[in-house]
Amino acid sequence: MKAEDILSEIKKDYVLAKLKDGERIDGRKFDEFRKIEIHSGIIQKAEGSALVKLGNTQVVVGIKMQPGEPFPDTPDKGVIITNAELVPLASPTFEPGPPDEHSVELARVVDRGIRESEAIDLEKLCIEPGKKVWIIFIDIHAVDDDGNLMDASSIATISALLNTKVPASRFGLGEDFKLPIRDLPISVTSLIVGNKYLVDPSKDELSVGENTLTITTDKNDNIVAIQKSGGYMLSEELFYELLDVSARCARKIREDYLKIII
Amino acid sequence: MKAEDILSEIKKDYVLAKLKDGERIDGRKFDEFRKIEIHSGIIQKAEGSALVKLGNTQVVVGIKMQPGEPFPDTPDKGVIITNAELVPLASPTFEPGPPDEHSVELARVVDRGIRESEAIDLEKLCIEPGKKVWIIFIDIHAVDDDGNLMDASSIATISALLNTKVPASRFGLGEDFKLPIRDLPISVTSLIVGNKYLVDPSKDELSVGENTLTITTDKNDNIVAIQKSGGYMLSEELFYELLDVSARCARKIREDYLKIII
Amino acid sequence: MKAEDILSEIKKDYVLAKLKDGERIDGRKFDEFRKIEIHSGIIQKAEGSALVKLGNTQVVVGIKMQPGEPFPDTPDKGVIITNAELVPLASPTFEPGPPDEHSVELARVVDRGIRESEAIDLEKLCIEPGKKVWIIFIDIHAVDDDGNLMDASSIATISALLNTKVPASRFGLGEDFKLPIRDLPISVTSLIVGNKYLVDPSKDELSVGENTLTITTDKNDNIVAIQKSGGYMLSEELFYELLDVSARCARKIREDYLKIII
Amino acid sequence: MLKPKLIVDGKRLDGRAFDELRPIKIEADVLKRADGSCYIEMGKNKVLAAVYGPRELHPRHLQDPSKAIIRYRYNMAAFSVEERRRPGPDRRSIEISKVSKEVFEAVIMKELFPRSAIDIFVEVLQADAGSRAAGINAASVALIDAGIPVKGIVTSVAVAKVDGQLVLDPMKEEDYYGEADLPIAFLIRNGKIESITLLQMDGRMTKDEIKRVIELAKKGVMEIYRLQRDAIMRKFMVEEDEG
Amino acid sequence: MLKPKLIVDGKRLDGRAFDELRPIKIEADVLKRADGSCYIEMGKNKVLAAVYGPRELHPRHLQDPSKAIIRYRYNMAAFSVEERRRPGPDRRSIEISKVSKEVFEAVIMKELFPRSAIDIFVEVLQADAGSRAAGINAASVALIDAGIPVKGIVTSVAVAKVDGQLVLDPMKEEDYYGEADLPIAFLIRNGKIESITLLQMDGRMTKDEIKRVIELAKKGVMEIYRLQRDAIMRKFMVEEDEG
Amino acid sequence: MLKPKLIVDGKRLDGRAFDELRPIKIEADVLKRADGSCYIEMGKNKVLAAVYGPRELHPRHLQDPSKAIIRYRYNMAAFSVEERRRPGPDRRSIEISKVSKEVFEAVIMKELFPRSAIDIFVEVLQADAGSRAAGINAASVALIDAGIPVKGIVTSVAVAKVDGQLVLDPMKEEDYYGEADLPIAFLIRNGKIESITLLQMDGRMTKDEIKRVIELAKKGVMEIYRLQRDAIMRKFMVEEDEG
């Protein structure tokens, strides 16, 4: 057995022992997020950007925009392209190379939150119907994975979109304007351990098994995306409970960190 | 030695012992194909399709068509693009990933049969000379490899082409019409064992070594494609004999299964 | 320890022992190149070409040209694209596959020599400003790596460019004309062993460690490219000495082999 | 493209009731080379599943000394959709393969086969919304056909919200124009739904709607489960007849 | 493009008779690093072959405990054809590499070198129809230069049907506009043609024509074989002179 | 695009003197998961470096029984430059990774860790000329933060020739329109510059100019070196405070 496996085993036992006592290893409540820090606009060369720290987890999201062709079935709407890079700088387990299943899932779940909540008013990003619309590249760059990259990425993405300026003047398309944002989708990820949940799990907590449920809600508490991730069985009751928990946590994040009138 | 290697060794001995007695392990004659079943049109979303069963070997071929640019040196002819996927569902030895030498060879030999027999009247697939012609995508999807994917693919391909409708109306190019087919190339593959041959070899028979010769003939018994495959020495006499055998077998398949006036 | 490692160890000791006595294993002076042979125009299908032998090291460079789009920031200049293939035929250590760090470095250093010396008059390769210019593909094909592919490639590249005809007539763009060359950049690579240098190292010499310094100069002895390659420490004094040595060697090569009035 | 009306006179475009599945056909043991296999049609979806294993896993450093590694590959044939798709995995296939793999990680008794691999391959020959559910339903039968010990049968279906109405097992138009789509899979043991093994959603629904979705899905999977069971029964009865 | 007349006054475009080869130049032992090597020109084809091995094969699980693994890589330089080609293998190269590999699998005494690899690399510096044959001819000499035990020399050539006429060793125009092309390789032992090691064909020919093609090819390879033998002789005579 | 005047009234576009660095900010130990890390800003460059190791190297046949393998990956974020760049390594990144790796091969006491790997990862979040130097400066601090024995601190900077004038630490416009660019790194031990560990150049300069470039670079790196040292000091002082 390798040293790191033994360490992981010890952490797991500790998390489970605490859990039996109804506690989390860092003293948080079960529905409590770690401390959140949002640094908006840190990449001046991007149209929008944010560095989000969720405890020790850190994600940078950059938004780039350029004119391009619309999809044939939505000729009058802007296009969103979301990509996530789990670069090896961020974790000893990440490897260089094309996106693997983890980064694909991360990008797609974040993308669904933005897309399904209709957070961006894509109609306003049409330049010439059927010919030219704004393409929005959302690039998620994980830099420190101390657990729950999903929610860190979700918060960083909406934060970056909120400070995005459409670079119209650079392309001779009139004056720059703020990206029209009309909702604030927030994902909330819980670690599932038996019939218990731990919101915003840290890497140490995830040593018990990476079984999570992510629920994304919009500003009106509608559910806009769900993703069960991990090889485990989920009970219906816990799922329904987490629908409430997630909406509540998302509302709090929205109020505490994204106080913006939309 | 692994269990599967031992099993393969036993099969090989059995095939060779039978062969000494002038017999095949499944009782077929040396120039006899396994039972052929052709299910045409099974993929409604494709312009043409066929599932072919050759004994237990199963191949699905789907035909897709769309307008595109002609090759510069044949500005007034349609374009054929043939691709084969040996998906891991079909055999314990197939691996996921880009086409390897086996699937490339399969696609190219089938393609040559179609192309060199001029089975498709490509001139009739010109929409606007030099600018726009019909592109025909032939996609060969192996689903069960019990030996001789080559001939199963060849039969499935011509069967699929025979039920292909050119989707002109979908692209605003007039009425749909039947793909103009004017020949029925059929490949016949033989396993070579010393100076003997076994037509349409099964997987068990191929355990003696994957040394084959594929000869494709058109409806007038012309040879339109040959492919020696496998690291073995072929005698001239056997080759000449197989030219006859292959033409005979192909004729029978054409008559028994593809009774279509062309 | 593998046989090849032991052999390499023995070679290394021999090189170092000789070096102590102030000698090279093949009797060359420290600033002496191996015998150079240039065979120009050997690839008739290319617009320009050269095979260069540097001792036993052999490199073929082929030049292809075709009209294409200029870079947006140099709308009135031709485009240079340089690529190097270290094919496994050339060395037991080369592997098939996309360019690795060695071939990328080789291509980029040769490219910089050509580009920064402004050896090609790119303004004369503009066909229609902003729309169409000549694209020059420089393809470096290593065929025998007996050390110092860098300088062999550099000499082969300028030699190939010198016999390049712009194929204007093939593209209906007027008469063919000689590629306008106005400088003769030559790279000189030295192996660094402690505070000693060996110009144009052979493979055997490189067994002491592949620590090299490449300095490319133009016809006026200006330095146009430098590349330190290998994990070693270089002293300032040696670097300055090599600036002189490299310019001197390059001048000699230019005079001995590329006697062309520019 | 103009969105068509998807519900007309209380019926769906293909005439189905809101809680009605598309026609389903399931056949086990359809491939010779695979250790287990299954063919399924759910509406216009035509899907093959094959299971290989437990078998040796290469390279060795990927082996897990405590259990079998489960691999799942969801793949679409080039001709399976309207526009020819380029062969090879795209991002959608990668995600579907991941969540489907996790379904079976929870269900296969993988501790029985340390150091080995169990491979599940799903080939979509024709797709029409719901192909991931079809693949999971077929894979579940193929696993049993392969004789691999499982905790129960997994059954999957999707529920969509279209024109404000929740509908079971959406076909392509409902999926494309609908307001929400929720694919789900359950573990069924002794004929009873035990727990959720796959759960995804995109669209926009209230908590209340989601609860109704789950109820609708449960109705659907019980019907599919019976067809899976029948297919398995038919296969083993044939074997006994032959035996 | 209009097809030109390929046969004029009973002669081919380059003045050759129907059964005449293009000029051939063969030189053995032209590369230092390779264990064996050969350079060949067949008409405008300019081709290098190198042999490395027998040598250790990595990763280990690819090793065959009973014999050497033969690998063959046919590769075209970017500048070898009219239009610059993008480096790396395309489908044509992959197929040629496969059938050429099989030629040498039949000919190398690979049982003598269990667990090892013998690598044959062919680089086409200039191509003009027949580069696969040129590569095989060069590889065969390179193998002997490398001292690898073989059952004989392999010699390859193509025969084409152009304007209804069978012609030996077609050049590019004949290959491009011709009605059929048949590349073939034979094992030659003690100066006698023994059997066929490579055989491919595309086009349209009768059985009778094919028999005549084979006869024509046999005439061609015997001439090439003599040049291969000479190249090998020259190399060993040089070595003796030097020794 | 017209080249702007880069030197006006003896000052550079951003008001700097010829021998003046851009503002620099260095912070050590900024990442939790990495064994060592560093964040640096040099002008508009924003760069993170992380060190992992010494750690086991897979696959085993890549291990060196006599020393650690050093790996270095320089990577630019998609949003780090004006036009969004496609993720993944391009030729420029591959070359920078190679020469940067070699810097640390010369400096890390790699003989102490046979069979293992030491990984250095550099992520450029924003680039503005000089990102390779920034990466090396950050990596050098990250190595010390990771406790990996080194022969000294490595410090890197570039010098450019613009409008005929040699200038220290060029920003993007100077790099783009300048006549020459020379990135260099030195090993600094006990506060003294000892030798050159990275050296590249493109452009056109005389020997004499290059000597002046080196002097200018030496002035620059000594200033950067002090900031690296301070960052390391701050980090260890914090640890002592906490300890």
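Read from first to last, the chains carry the letters A, B, C, D, E and F; within each, the first residue is number 1.
The working rule: a contact is a pair of C-beta atoms (placed from the backbone, for glycine too) under 8 Å apart; a residue touches a chain by one contact, two chains touch by 3 or more.
If you're wondering where the values come from, they're calculated on a predicted model, not measured in any experiment.
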item	value
Touch-network distance, subunit B to subunit F, counted in steps	2
Equivalent interface to B-E, taken from B-D, C-E or A-D so that over half of the residue contact pairs match	A-D
Euclidean distance of C-alpha centroids - subunit C vs subunit F, Å	27
Centroid spacing, where centroids are CA-atom means, of subunit A and subunit C in whole angstrom	49
Distance between the centres, which are taken as Cα means, of subunit E and subunit A, whole angstrom	58
Gap in Å, rounded to a whole number, between the CA centres of subunit F and subunit A	31
Numbers and ranges of subunit A residues touching at least 2 other chains	none
In subunit E, residues with contacts to at least two other chains	59
Pairwise chain contacts, counting only pairs that touch as defined	A-D, A-F, B-D, B-E, C-E, C-F, D-E, D-F, E-F
Residues of subunit A that touch subunit D when the two form their complex	73, 99-102, 104-105, 107-108, 112, 115-117, 213, 218, 221-236, 239-240, 243-244, 247
In the complex, subunit E residues that touch subunit C	31-34, 44, 46, 48-50, 52, 55, 73, 75, 77-84, 87-89, 119, 121-123, 125-128
Subunit F residues touching subunit C - in the complex, by the definition given at the top	1, 70, 91-92, 94-95, 97-99, 101-106, 180, 182, 187, 194-207, 210-211, 214
Contacting residues of subunit D [partner subunit E, same complex]	58-59
Touching residues (chain side subunit A, partner subunit F) in the complex	42-46, 49, 56, 58, 60, 62-64, 66, 83, 85, 87-92, 96, 98, 137, 139, 141, 143-146, 203
